[in-house]
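Data block below; observations after.
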Amino acid sequence: MKTIRVQTADFDGGAECERLVAGQTDIGAVVSFTGLVRGDDGLDALALEHYTGMTEREIARHVQQAETRWSILGVTVIHRIGRLAPGDRIVFVAVASAHRAAAFEAAQYLMDYLKTRAPFWKQEHRGADAAWVEAKESDADAAIRWRES
Amino acid sequence: MKTIRVQTADFDGGAECERLVAGQTDIGAVVSFTGLVRGDDGLDALALEHYTGMTEREIARHVQQAETRWSILGVTVIHRIGRLAPGDRIVFVAVASAHRAAAFEAAQYLMDYLKTRAPFWKQEHRGADAAWVEAKESDADAAIRWRES
Amino acid sequence: MTLLYFAWVRQKIGRGDESFALPAHVRTIAQLIEVLRDRGPNYRAAFAEPDRLRAALNQEHVRFDAPLRDEDELAFFPPVTGG
Amino acid sequence: MTLLYFAWVRQKIGRGDESFALPAHVRTIAQLIEVLRDRGPNYRAAFAEPDRLRAALNQEHVRFDAPLRDEDELAFFPPVTGG
């Protein structure tokens, strides 16, 4: 099962994990990552925009890459857009596999690529101020480790 | 928040993740691992026994190790015992942190140590046959990578 | 061609998309940036530091030496910050 | 001392726990295994291959050269297979 969604609505990580394994007995491991909005430095809200069409393509391409690289039995990727408050869920990645190493690695790989390749942009709102978030060097470094040498 | 439970009852991974982040705005990442019973080679059931007392101590000790090593804002470890059928959940680890790398690494560390140090033993039932599961070399190797060099 | 702008690129230019006839002498994204820069102060502000920009051609990440055709969809944006 | 047995060690011996008076000359787990082995065919079967066994002393993993006291809780079991 493969699910990719970009949506303003919240999601239910537990239900998504259930969907991934429902009726299967070959799955031994499900790793899920949930990203949440941190209320750093008095953040009031995040506003997220994305490049409709390209986002879904980029995510699907990296899900395919992950499937080539690891033995994967199911993947779910959900990314929210719009206005989000501190504590809100923002992104969800879940990978099902027979074994835990593949599930952990593929989930990390997908998160690293979502951070550095998927066309989303975050703006931070504090009072009347709005500032675009700068990309982090550490995210670029995290993605580079997956390059085939 | 720190939760360690050994139980025969099933658990709700989604609800456990919710509990971990409820009312917090400093958590940016929650990584969860759910282990499930695979129905390999016509497996009918697993029977799990453990060393009451030592199990909880060993898990608590490794949770503390993880807290020393990574910046962690919450941990949940649940391990089931008793009779489990293919598709049943068997183990759950969730780690909350400000950032994803710490959450991913600490969750992997805890799983690797659960596999190699926590005193649980699995017996596989197929028809009238019951066979104790042999420890895997690959699990020992996975745990060794966390040793401080 | 179709030009798309995201995040602060969109804000500086004042629009999210527009049609633009690719001039005959423009072969690459780098060359197009030079042309767009002369379209007014809003474009000049958006394209002042090309190093801070990234581009996608027909919804794929590309470098600025990528060749262009008039039927392309070309997007300019800052480095992505999703996840 | 209290001896505990788990998994197939428990099955071979036929019980999960027992009290055992630590003989004065026995200093280590390795020496205790030699003594236990002579307690009957069930113990001989359980302790036939010490390499296949692991031990915990007072609920901590230990090597077979760990020293023993009569007030200890000592557990024998195969390598663990949880998770």
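In this document, chain identifiers A, B, C and D correspond to the written order of the chains, with residue numbering beginning at 1 in each.
The definition used in the following text is that a residue touches a chain if its C-beta (ideal position, glycine included) is under 8 Å from a C-beta of that chain, and two chains touch if they have at least 3 such contacts.
Keep in mind it's a predicted model, so treat the numbers as computed, not measured.
Chemist: Just how many steps, at minimum, does a route from chain A to chain C need if it may pass only between touching chains?
Modeler: The fewest steps needed to get from chain A to chain C is 1.
Chemist: Would you mind pulling out the distance in Å between where the CA atoms of chain B average out and where those of chain C do?
Modeler: 48
Chemist: Find the geometric centre of each of chain B and chain D from their Cα atoms only, then give the gap between the two centres in Å, rounded to an integer.
Modeler: 26
Chemist: Quick check: how many Å separate the C-alpha centres of chain C and chain D?
Modeler: The computed centroid separation for chain C versus chain D comes out at 73 Å.
Chemist: List, in ascending order, every residue of chain B touching at least 2 other chains.
Modeler: 35, 111
Chemist: In chain D, what residues contact two or more other chains?
Modeler: There are none in chain D.
Chemist: Any two chains that touch count here, so list every such pair.
Modeler: The complete list of chain pairs in contact reads A-B, A-C, B-D.
Chemist: Okay, in this complex, where on chain D does chain B touch?
Modeler: Of all residues in chain D, those touching chain B are 4, 6-8, 56, 59-61, 75, 77-83.
Chemist: In their shared complex, at which residues does chain B touch chain A?
Modeler: Answer in residue numbers: 12-15, 17-18, 21, 23-39, 86-87, 98, 100-101, 103-104, 107-108, 111, 142.
Chemist: Show me the residue ranges of chain B that touch chain D in the complex, using the header's touch definition.
Modeler: Those in contact with chain D are residues 35, 48-51, 53-54, 57-58, 79, 90-91, 111, 114-123, 132-136, 139.
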